[in-house]
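The letters A, B, C and D name the chains in turn, as written, and every chain counts its residues from 1.
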């Protein structure tokens, strides 16, 4: 059983047509798993739905607590890409004995040209086979939490 | 470097509007890797573009030869789902020392509700981390070549 | 009030993933009108769901009867493009005093690159403003039923 | 020949993935006309690419001038929905002898669930058949410029 924690980020942004702006609603994750015809046993819980630039230390602590307290030893966390590495670090230094993979998207799933579905498939596979540790899965690759950064000019994640 | 061999299947089917029928054209794989913002080093080659129900022993032999002769030790093969297990068997009994993952789609990528992008992300992740062997990656899961079958009633792949 | 009669055609084709073939299910018309945020009073009825190449004289007669018997004087008919002109002729020679517009699509709405939504918006507008007569609305244009043909090489409709 | 003037609005908004925000780039109109397999003779020119809430009187005057100076007597203007009626009024009181239709979208075309393609087909049909005047084409309907308003609670356009 894989536990999936949703925290928001571009992955789940949508368009609010009355306000003409980006906004959060319910997660699209279940719909995406259906689209992927996913047959992995997963349990999805939304912890929060925010832009990761708006995450506070308290938010990150609640993500850490949720991962630590979860019954499952394999956990996928969907997260905004801007501070994904920060949350990965908080998890890497506080949680052990579990395989935790963070992923997100550069373009909202609700849009036509999103990388969300590709990243979800990618992260869900990594979390099933990687040994205990905390990882970031983006751009088809997976990185140890302390060996990755987001290149803010290109938007791509790279090894450090 | 991951080698990707394209053989067709529903994954790459498209709609021929003049004939009003399904057909094959160029592979959509490069476009899908771009959409996924994939930064894995891959080299894509199209071996054939056919429905796997039309595959002959000669076709399967050429897939086996291509995998054996490839310089890379990690290979992804896109394939129709109907006889994916047959090609996986041909590879499993003939090629060793390489990590080979087969994947496909139940709905063409060219359609709106395709599992193609999810499966591509999934398979690309499995092929990077699994030990040498031949695997089928479908529905978010990965199976050893000799422990899987396609359930023709549901369309899902399951362990045997 | 606009009456909409659905007869099938590429407009409503979808992909049957278990058989790996094109097929008909329920019409997508209501979903398309919702997507277009359409506020025109319409009443939708499915007369049949077939490829227009499979239409018999009996099928065309039932479309003529339905149009003649309808309470509404403005009617939109969705139809396969291959024999749309034949049905337009049957209507043009048998029904008077009503504005009837036929439209269809070259690519199924269920696919990503469909002209269906554009044609629906186009036809729905023409049917609201044109004087009584029978018309074909395709490629953004509208043609009198006896002055149009489908160019089978290009797939476009043109005036004759 | 139909003249199309692009002024921006939600119709053409897109997602800037590096900034994580909505933004304007080149118009999608040509791509949309291709998707619709449109065979109407059109000439597209971008006057500006802005949110209509940001339009100034000077902007509206330049739209009026462009319409007045255009060689064509049938003109389509794509526009943000928020102040579409204001621009329609500016045109209605200043330009005569031409058929001018304004349209837009509640959801960006770049998104999956957009009304843009439907509205484009709708407006392009109205502009071909309506007599000289200024009109707003939204929600499948067409309104005279001085008999319409946008209902800001529902997002729909209605007759007054």
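Keep this in mind: a contact is a pair of C-beta atoms (placed from the backbone, for glycine too) under 8 Å apart; a residue touches a chain by one contact, two chains touch by 3 or more.
The structure displayed is predicted, hence computed values, not measured ones.
Common neighbours of chain B and chain D under the contact definition above: A, C. Chain pair with the larger contact count among A-D and C-D is C-D, by C-beta pairs in contact. Placing every chain at the mean of its C-alpha atoms, the farthest one from chain B is found to be D.
As a whole-number value, the distance joining the C-alpha centres of chain A and chain C reads 44 Å. Mean C-alpha position of chain A lies 38 Å from that of chain D. Separating the centre of chain C from that of chain D, both taken as means of CA atoms, is a distance of 26 Å. The multi-chain contact residues of chain A, meaning those touching 2 or more other chains, are 106, 112-113, 155.
Looking at which chains touch one another, you get A-B, A-D, B-C, C-D. If you check the complex, the residues on chain B that touch chain A are 32-33, 35-40, 106, 113-115, 117-126, 128-130, 137-142, 155-158.
For chain B in complex with chain C, the residues that touch the partner chain are 10, 15, 17-18, 20-22, 51, 53, 82, 106-108, 110-113, 152-153, 155.
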